[in-house]
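Which chain is which? They are A, B and C, in the order written, and residues in each are numbered from 1.
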């Protein structure tokens, strides 16, 4: 690249190079530290592939006879948990989204408060929410619905607050000028603008919730996870395989469905 | 008389069906007002028992957090190393269909199974401990990172690749000079994102016995040690917060 | 002049303390005809208009209309005052994802309760009036089209219909033609002049185009630097006035 032998191609300033070097060093140090100190039993590691292969062999062929009725019922329960949890989560999230959007709520205190609620909801995983609600409601799908809902608040609330902040102020100003009250300005000026994002976010979250609600049963919060846990504890591997296939099928179907609907919405 | 509004029947029916479904599904799950009312009372007692958080067993807490971080780092690195060839194999513009189609299928399966389910399977197959967590999160990382890698590769400009090829470069040189420069910065972005999400997830896989702070958390829940639970939750949230800030700094440094 | 419909006294607006945009405006608007406010950009024309219906909060002064001081109103009383003042905007400010009909009916939002607006159960009289207005602005076939499918001139016609839907006692128009091509601008001004003339609604219009102002207004207000420097009939405005309002004279 260089025109004469004495020139050097310099891609980065010294500062950039230092930054890159530090990041690289940090990465390598972290990896070396993690590998050298992690407690992994060498015997486990050496026969892991063999054990894994053994497990897969025992799962094959999946016994589809197990599907009806118990797995089917649990799958439906999972579907209900995901859908109701999403609906409840959206209902709970909307007030916080309105409070967090700085163009709609002018109080910095309320903005911050709403952000705090949204961040807390997102920082706690739905499985941990499930543990909490199992402690509150006892084992069962009610705990699952609330776990899904509380985890969804942060996600839906954050994305909706962003959508609200992107809404054009012009139409709302025009409605203000006609003498419309606050709820009417929201209904006729803001809602039509954020409606496409709203359905997109709702569908997106439902898709995620369907995946997450499949594992809630592992901590007793209802759904197909309960059946999976039982089957694993009783070493019924063909049954486990059936359940996994059922989950896989539902998750893939939901993803296709959501992609289709979202494409039509836009 | 002229019509003021075009009636939107699909939307009306859709909303009605959704509302009817919500009522029906609620009854199916046996969720009643009575149950929620007792739950609220329990919730109050539960919160009261969480306060104040008990940090006296901080050594146990720290041990769990450190193990979670180790799991996150190792699984991210493994995931990325395995994702590089997988992403390339799955990219439809650089790989033949007989290779890209099955690779895409494999990636889709990795992505569709929740990491906690994968973790259980690994725990049953290779035993309790961090190894199962590493394996599970590596699989999860594969599903996400390889897919994003493949998409990034599919979006590159083939003109640049052709130009490098036209200079007589071999396949490795084409990858190094024609493909990598176009995708490198996005790859680093995806990798950082995955490290962040693996760190979150590594605090959980312990619930099914795959190592990390999750095991400590689950044990505390089972013993009704709710003040210790509060301490663990606060520690996890703090860890995730710090990780997010560090990731943001690194991103800024690399720009 | 007959009894004024709007009387502004000592109106001051400061967006930042100590930096007034309007330096004590005194202005009375008659009950008939179009009053055009001309002046360079950033001189406070738009702020003046928005102080009248309180889209902008005045810092000092009074705005009397129908025996009320608009500058002091709050809550429900403010909304009731706003619905008697129609407004037409430079960028039309239509709700783009709603139909033309719904946009026109938003002019009734100061009158109808929430449930009616939500279920779109507007009173029959409102619907009939909305159709009549759509006919009047020349868009009879577009009622169910979405607002974002219209051209700029069509959108501004909807904007005018929306403002008249309020049955206003006063119409404010903030640069209603600045986003339109010259021919459409004239058509829109003609339409606004005709409809408000028929309804007997006085209009205050901010406008850049001096020729348009002279052609349609009965009275011209010249503003510069947040002060009124000219006030008189269109034929009284001369090049010396224009150079005082806009500064310089090479452009005239």
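Going forward, a contact is a pair of C-beta atoms (placed from the backbone, for glycine too) under 8 Å apart; a residue touches a chain by one contact, two chains touch by 3 or more.
None of these values were measured; they are calculated from a predicted model.
Peer 1: Based on mean C-alpha positions, which chain is nearest the centroid of every protein C-alpha shown?
Peer 2: Smallest centre-to-centre distance to the global C-alpha mean: chain A.
Peer 1: B-C versus A-C: which interface comes out with more C-beta contact pairs?
Peer 2: By the number of C-beta pairs in contact, the winner is A-C.
Peer 1: Measuring centre to centre, with centres taken as mean CA positions, what chain is farthest from chain B?
Peer 2: Farthest from chain B by mean C-alpha position: C.
Peer 1: Counting only Cα atoms for the centres, state how far chain A is from chain B in Å.
Peer 2: 8
Peer 1: Once you find the CA centre of chain B and the CA centre of chain C, what distance in Å lies between them?
Peer 2: Comparing mean C-alpha positions, chain C is 54 Å from chain B.
Peer 1: Mind checking the centre-to-centre distance between chain A and chain C? Centres are C-alpha means, answer in whole Å.
Peer 2: That pair's centroid distance is 48 Å.
Peer 1: I need the residues of chain C touching at least two other chains; which ones are they?
Peer 2: Only 102 qualify.
Peer 1: Across the complex, what residues on chain B touch chain C?
Peer 2: Against chain C, chain B makes touches at 2-6.
Peer 1: For chain B, which residues count as touching chain A in their complex?
Peer 2: Going by the criterion above, the answer is residues 18, 21-22, 25-26, 28-31, 35-36, 39, 42-43, 46, 66-67, 69-71, 73-74, 77, 108-109, 112-114, 116-117, 120-122, 124-127, 129-131, 134-135, 200-201, 203-204, 207-208, 211, 217-218, 221, 224, 226, 233, 236-237, 240-241, 250, 253-254.
Peer 1: Per the contact definition, I'd like the list of chain C residues that touch chain A in the complex.
Peer 2: 53, 55, 79-87, 89, 91-98, 102, 106-111, 114, 117-118, 159, 162, 166, 172
Peer 1: Applying the document's contact rule, which stretches of chain C touch chain B when the two form their complex?
Peer 2: 99, 101-102, 105, 120, 122, 127, 130-131, 143-144
Peer 1: Looking at the complex, which residues from chain A come into contact with chain B?
Peer 2: Contacts found on chain A: 19-20, 22-23, 30-31, 33-35, 37-41, 44-45, 47-48, 51-52, 54-55, 76-77, 80-81, 83-84, 87, 120, 123-125, 127-128, 131-132, 135-138, 140-142, 145, 211-212, 214-215, 218-219, 222, 228-229, 232, 244, 247-248, 251-252, 255.
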